[in-house]
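Lettered A, B, C and D in written order, each chain numbered from 1.
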Amino acid sequence: APSSKLLIKGGTVVNAHHQQVADVYIEDGIIVAIKPTITVGDEVTVIDATGKFVMPGGIDPHTHLEFEFMDTVTVDDFFSGQAAALAGGTTMHIDFVIPHKGSLTAGFEAYEKKAKKACMDYGFHMAVTKWDETVSREMELMVKEKGINSFKFFLAYKGALMINDELLLEGFKKCKSLGALAMVHAENGDAVYEGQKKMIELGITGPEGHALSRPAVLEGEATARAIRLADFVNTPLYVVHVMSIDAMEEIARARKSGQRVIGEPVASGLVLDESWLWHPDFETAAKYVMSPPIRKRGHDKALQAALSTGILQLVGTDHCAFNSTQKALGIDDFRKIPNGVNGIEERMHVVWDTMVESGQISAMDYVRLTSTECARIFNIYPRKGAILPGSDADIIILNPNSSFEITAKSHHSRLDTNVFEGSRGKGKIEVTIAGGRVVWENNELKVAPGTGRYIKMSPFSYLFDGIDRRDDAYLKSLQAPVKRAKSSS
Amino acid sequence: APSSKLLIKGGTVVNAHHQQVADVYIEDGIIVAIKPTITVGDEVTVIDATGKFVMPGGIDPHTHLEFEFMDTVTVDDFFSGQAAALAGGTTMHIDFVIPHKGSLTAGFEAYEKKAKKACMDYGFHMAVTKWDETVSREMELMVKEKGINSFKFFLAYKGALMINDELLLEGFKKCKSLGALAMVHAENGDAVYEGQKKMIELGITGPEGHALSRPAVLEGEATARAIRLADFVNTPLYVVHVMSIDAMEEIARARKSGQRVIGEPVASGLVLDESWLWHPDFETAAKYVMSPPIRKRGHDKALQAALSTGILQLVGTDHCAFNSTQKALGIDDFRKIPNGVNGIEERMHVVWDTMVESGQISAMDYVRLTSTECARIFNIYPRKGAILPGSDADIIILNPNSSFEITAKSHHSRLDTNVFEGSRGKGKIEVTIAGGRVVWENNELKVAPGTGRYIKMSPFSYLFDGIDRRDDAYLKSLQAPVKRAKSSS
Amino acid sequence: APSSKLLIKGGTVVNAHHQQVADVYIEDGIIVAIKPTITVGDEVTVIDATGKFVMPGGIDPHTHLEFEFMDTVTVDDFFSGQAAALAGGTTMHIDFVIPHKGSLTAGFEAYEKKAKKACMDYGFHMAVTKWDETVSREMELMVKEKGINSFKFFLAYKGALMINDELLLEGFKKCKSLGALAMVHAENGDAVYEGQKKMIELGITGPEGHALSRPAVLEGEATARAIRLADFVNTPLYVVHVMSIDAMEEIARARKSGQRVIGEPVASGLVLDESWLWHPDFETAAKYVMSPPIRKRGHDKALQAALSTGILQLVGTDHCAFNSTQKALGIDDFRKIPNGVNGIEERMHVVWDTMVESGQISAMDYVRLTSTECARIFNIYPRKGAILPGSDADIIILNPNSSFEITAKSHHSRLDTNVFEGSRGKGKIEVTIAGGRVVWENNELKVAPGTGRYIKMSPFSYLFDGIDRRDDAYLKSLQAPVKRAKSSS
Amino acid sequence: APSSKLLIKGGTVVNAHHQQVADVYIEDGIIVAIKPTITVGDEVTVIDATGKFVMPGGIDPHTHLEFEFMDTVTVDDFFSGQAAALAGGTTMHIDFVIPHKGSLTAGFEAYEKKAKKACMDYGFHMAVTKWDETVSREMELMVKEKGINSFKFFLAYKGALMINDELLLEGFKKCKSLGALAMVHAENGDAVYEGQKKMIELGITGPEGHALSRPAVLEGEATARAIRLADFVNTPLYVVHVMSIDAMEEIARARKSGQRVIGEPVASGLVLDESWLWHPDFETAAKYVMSPPIRKRGHDKALQAALSTGILQLVGTDHCAFNSTQKALGIDDFRKIPNGVNGIEERMHVVWDTMVESGQISAMDYVRLTSTECARIFNIYPRKGAILPGSDADIIILNPNSSFEITAKSHHSRLDTNVFEGSRGKGKIEVTIAGGRVVWENNELKVAPGTGRYIKMSPFSYLFDGIDRRDDAYLKSLQAPVKRAKSSS
């Protein structure tokens, strides 16, 4: 059995707030000490990290494992998806529980089952797709008993997951009262539906029709709407998969005026562009189909820039893996191509290369936006997202002088394709430690089903700090009700 | 009988594109000549305009006469409202036909009847409040046979006039195909409904609750949404009653990127502020209740600035006159206060004083935004909106050195109140000529029911120029469909 | 001798404010009548314009003929440049008088001489490149006696034409007092100088170094600065050659807040992109060198969009023609490549094709931004810029179904190159009438030196309307000086 | 002698990245441990912090002690100013060394002397007010040997400190090469000079003239200019005393596009408004004179909002204390009123009350923007700005349930006035510990001259991370020089 004591020697230990050359000592899955020099006995496994970065394992805030969607189910389940994640330096993810026939409880139970094979820690968001008293009560149950502190609302997927503004407002109010974070998939679903019909009428049935049917203006619209309604309710908002300048600009505007809005770009949106959807080979083109779509060149750079200065806060993936045979369901109609791209395994490498190697951010920033900020938002910091005494020993060792290459041939997801196929770059994650165990080393995975833990997440994260005071200040500012004589004029 | 021949001598004749000192000769209701010096016989009535401005009569693009709304009906009908208009220098208006139980045809017929007593020229917009094949066919009928070239969609008034995005998109598409201009009342109705409930729960039942329940952010939201959906459909959009910086900024942004969006501030929004709604006297406060609400000080100046440089294009009133007794329906609940303020009589004076006297715009600009641009948008220029040979003889004479004062005691509307009560300023409209007849002179009105004409308005105004070419260019730009082998991969 | 009486029959007569099918009758160089049908005698030359557009001749607000610059002189003088203009449908231009050794008077006299060979009407702006009492007095002289109503200030060309903020402020104040329009060439000259040094240090000596040394951010900076200083002085501002999104955004922002700022894109900036400067053939690359530089793809479309909605107001060319041999002065150092591109002959075709054919603007808009707005800004409307009775008979006939092609082989400029080489499009100017004479017909020019007239331009154009009132309002708003006891505290 | 061992028990220990209830143990001026429960011997002084916040002492990034300016010298020197600071919870400040007759070395020596009486730790920025080889060399010396890592450039104070764009560019380049942070006082000095003359001409000689002569548009201009020139040079920029929406918007815009710009609002600008300058009592009005001026109501709230979401990063004071008698130098001419307000003592209370009590930020945010971010920017984190093992024991204990009141009667500055006079709020700093010694407790100060240390600050803070890589990427992106045959065409 592997030792439960580990010493990582001589690396540059990076937290979001500070980095230093130090040793890190781990016992029983917990970080015990970080000091310039730690001496240990023989029973301790020592890993040399000289010249390398020792950082908190990645936390992917946005994944869909074993997701039943569009009449099929993703190929990556909680084992294969997590194994891939670990091979890529991600040691925790937060998946979206989808209600079962509208029932949150049934949905939660289904996901509990799916997650039994977990080999890495995970948490859950939950989607809300309809509204009644039961849903409202179940939301409360989820927060108070089940460890969920975020709910997602879909403004797209008309006829399926989409909800209208009335429900969105109800949901925002409920979230606020529970201290749970409201999340939105922001595209105008009515208009997307129109756009899809139009493309089909024009004879555009291929993957390029997917992008053309849901342009960035529709993402900008829904983002603007969700932000303003959240402002109206005075509750924090998390915008998932920010794919366009249009959406980013709305977030920037809201933040400038003091509103608490979180924007999550995803790995694919940060580095790819839509031109792939025009590829003459259907299989190649179809693998890039996700919603909102990957945008034209230019959006990627703008998202990177906004991320580098904190206008956007963290990076997800929306990992949602459909194989070529599944993508082929839409060979004659892009509307039937299952939406989703990979990323859970690639995110950490892609972000390092694109953001740090290019000089846009520091290693500390990297930790913040791949791990720490996610932990803070979902209220599990500093257990997760930090290398501090007492934190879970979820750690990666990245060699900045080594190289990575991404290809479906060697990746660990079950997917037969990869949207980052052929990408190379500097900064290789050579070791992943999850819960104090070395699970990835020498390009080898050592994982076992059932070793991952469900991480309960408490409500009222820092995003809720002071909200009640602001509500009070608002009420005082109203100068109402005005006292009036019931005049008989 | 009054002479049908008129000569206006020595004034500064102002068109939107040019002004010059000239005489204007009129016969049989039509402008015949504008020349430096015109000599006429004794049979011609001569009006001396030396030192004064001779300008096209105002056209109010936004009024509600004899409007059945909120369980009552406005006090100004097509006679009293128009008489007031003429006394204030407005010689034409465009009113909103409201469908009768969803039927456009029935609505149109009802308004035809109401308008029989007209004493001034008028046109019609039409509201669309539901959607089915009949409505679609009736829209076509209205445009092709009834002289209507604009349709209005309400994004507010939940449970009554409000429509959802799906209908809005259908409406936009239909408008585009007919060459009719889509108009929106832009407030998020779902959120307004929430806001109203909240205010009542807070015990805020007075008129200030009206403003508090529907803040500017909700107007900004709906304006942004309507603009982006219109962009998606590629059809021109007209935003009625732009009341806030939030909405104006959205219009500015869209125009900067080349989108054809028209923004209409109204007289009340340009010069008043919300503080009246906090007035301790209910009657006083209630008269300022309109939707979207009059905003905080600062919005007015920003709207004026945007108007002065063409970011906003024309000024309306939303004249919708409810008496004190009607307003009192909401004495215990602001939601029951009939929405509406006056303005049809005051607009021309208020805009002159606020915009020209202050040095923000020229007299030519004044003509453009009170008359010419309205005529151009609704495709009746240069019959209306100009002092050119062949134009209808709808003319005002404004004395820039004379003063006006506004008070319910002396105004011509049937209202017992006036939101501009006590306003004074420079620039008095001393003469109004409508259809070649002097109807306002020496502070006396000479009007007769039935003398006003219905002005049919043709579709495909200048706002539609080139839309087909832009659609073509868009289609070419798609590079789709991509030719693909039906691969057997 | 050609008849001095002309009738243009059956065309669509387009003014900025209106278009109609009509005949246009001309006598002695003046437009006499525009009517649906005009019957004339045999002595009148009749031109059939059926199916074509009859429009005011173009006015180019920005040219440099016989311009001594960078140790050489442009190849197009007042004859050849104007002849080219007429062949391209432009019937007037406004050139920039450059002071002679700082003397405005000497500069004016030099340009009077240059212009003796004029074959078309012209006006003058004047540059101000230093500051003292003499300059101040000469500005007054120019406005009051010489027919100049605009002065240009260069924020670039360090060591040559560039002035600093202190002078700019003095100039703005003087302009305001004279009712003259302040114009700026907006680039930060200090930074450009730095950029040039850096490129040379990097070994980048070719034409691409020109673009790289003065990026758009420096144009945005200077535009922002000039706008804000003009706001501080409260005087209107005209920004010449707006080449970038950066500059356009500043103009848009200022206009939104009510400031009177005019933005002039130029033909080259509207349709070309910088990639030509990277062309491996020096001669080809060098012909695109102008300042500010032509920008990356994307800026062009954004400028077009802003132009289409009136955020930018008119189109110039900055026609400044240097031959290949002159451009070769900079073969070893881009700093020595004479700056300038052609456009005086191409502007009208390029703008029609790019803006009207593409559906972005109407024919009326086209007239406005190629002719009318220029005439209004420089206060010569409606003598110029309109087809109205009494206007100068400067008229073009454009056949929308005919095609044009641009090539140095057949153009009328003396240049041996053309930056629009090979451009084709729809909309051919088949006839140009200048001062009532047909000077261009059947692809033939009939022009004679000395037939062009100097058009004096009066100060206090419409842009100055109300400025004194706004100054008054500003002063009242200060609530100052505050009355204070000279306290002995 | 007081014990050099301290234990702070039971408080909520707040760092920028995390807060927890814990004990803090200190020895010899250094923080040794932070743990839930620490047990100590009798020799250790124990401070009970139950129910209170234990936070890093404030660091004021912007002060002027013993500053010779406008023919006088500030009343607070390095002893009195620092004593006041400590009483208000600030344990370090960074002052501005002003060159002596242009000599940086001489300036530094003068400030070394002034600082001998220091009772608290301090660092230095240095101003650069002219340019030559000597200055360039001295900058290098300051960075490499003297512990200075930031240089300030004044775009205002014409004829005194002001520099032009040429020098600014030289300065930026030098800063970049040294890894030193460029700072700017951003107002357009030429225009300010004009504005001052104008006010005097208008007879406005009182303090209100100060605000009127240098409106926000001039701050916006200079901020935009400095940002763009810094972008051109690709070096980080720090904008001191951001006082207006105009400046803040520029910073927001730059950050959105990925530029590293730091914005520092100051205590006075965050909570006061300009109306005081209109006060009829000269003494009262004059105490609010600082540059850039305190702005109209509205700017304050906008700055607070931007600060709350990280658009602005930290809070300073520009503490620059002139007594009533000194302010009276300008009794007849506001230009002679010494510019400056207090704040070094009040900042920590004012920011807590305005930002935390109002619900706009969390306690962690408070630590970040009053202390941590300053330490990070000036590269002294985590020695300063954190409560971590090894950090200097600069600590405050704030009681959120206690109240503060600000008045000149009881403050510790030598000033006879206070711009925050009469302010009350919640959140009282009850204990200040500096370098491990309790210097403020029970409203009593225990300080001694000479106990403060000069903190050297190293260059190349995190703001410089990756700059070289971005330069490399930029160079690669140029695709230049283009290889060209020296053609003989």
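Observations
In the analysis below, a contact is a pair of C-beta atoms (placed from the backbone, for glycine too) under 8 Å apart; a residue touches a chain by one contact, two chains touch by 3 or more.
Bear in mind the structure is a predicted one, so any value in this text is a computation, not a measurement.
Common neighbours of chain C and chain D, by the contact definition above: there are none. Look at the CA centroids: the one farthest from the centroid of chain A belongs to C. Each chain gets one centre point, the mean of its Cα atoms, and the points for chain A and chain C are 52 Å apart.
For the pair chain A and chain D, the distance between C-alpha centroids works out to 37 Å. Spacing of chain A relative to chain B, judged by their CA centroids, is 48 angstrom. The multi-chain contact residues of chain D, meaning those touching 2 or more other chains, do not exist; every residue touches at most one other chain. If touching chains are joined by edges, the resulting network of the protein chains shown is one closed cycle, each chain touching exactly two neighbours. Listed by label, the pairs of touching chains are A-B, A-D, B-C, C-D.
Taken in their complex, chain B has these residues touching chain C: 15-18, 248-249, 252, 255-260, 302, 304-306, 308-311, 356-364, 372, 381-382, 386, 388, 462, 465-473. Those residues of chain B that touch chain A in the complex are listed here as 164-166, 169, 188, 190-191, 193-195, 199, 202-206, 208-209, 212, 215, 217-218, 220-221, 224-225, 228-229, 231-232, 278-283, 285, 324, 331, 475, 478-487, 489.
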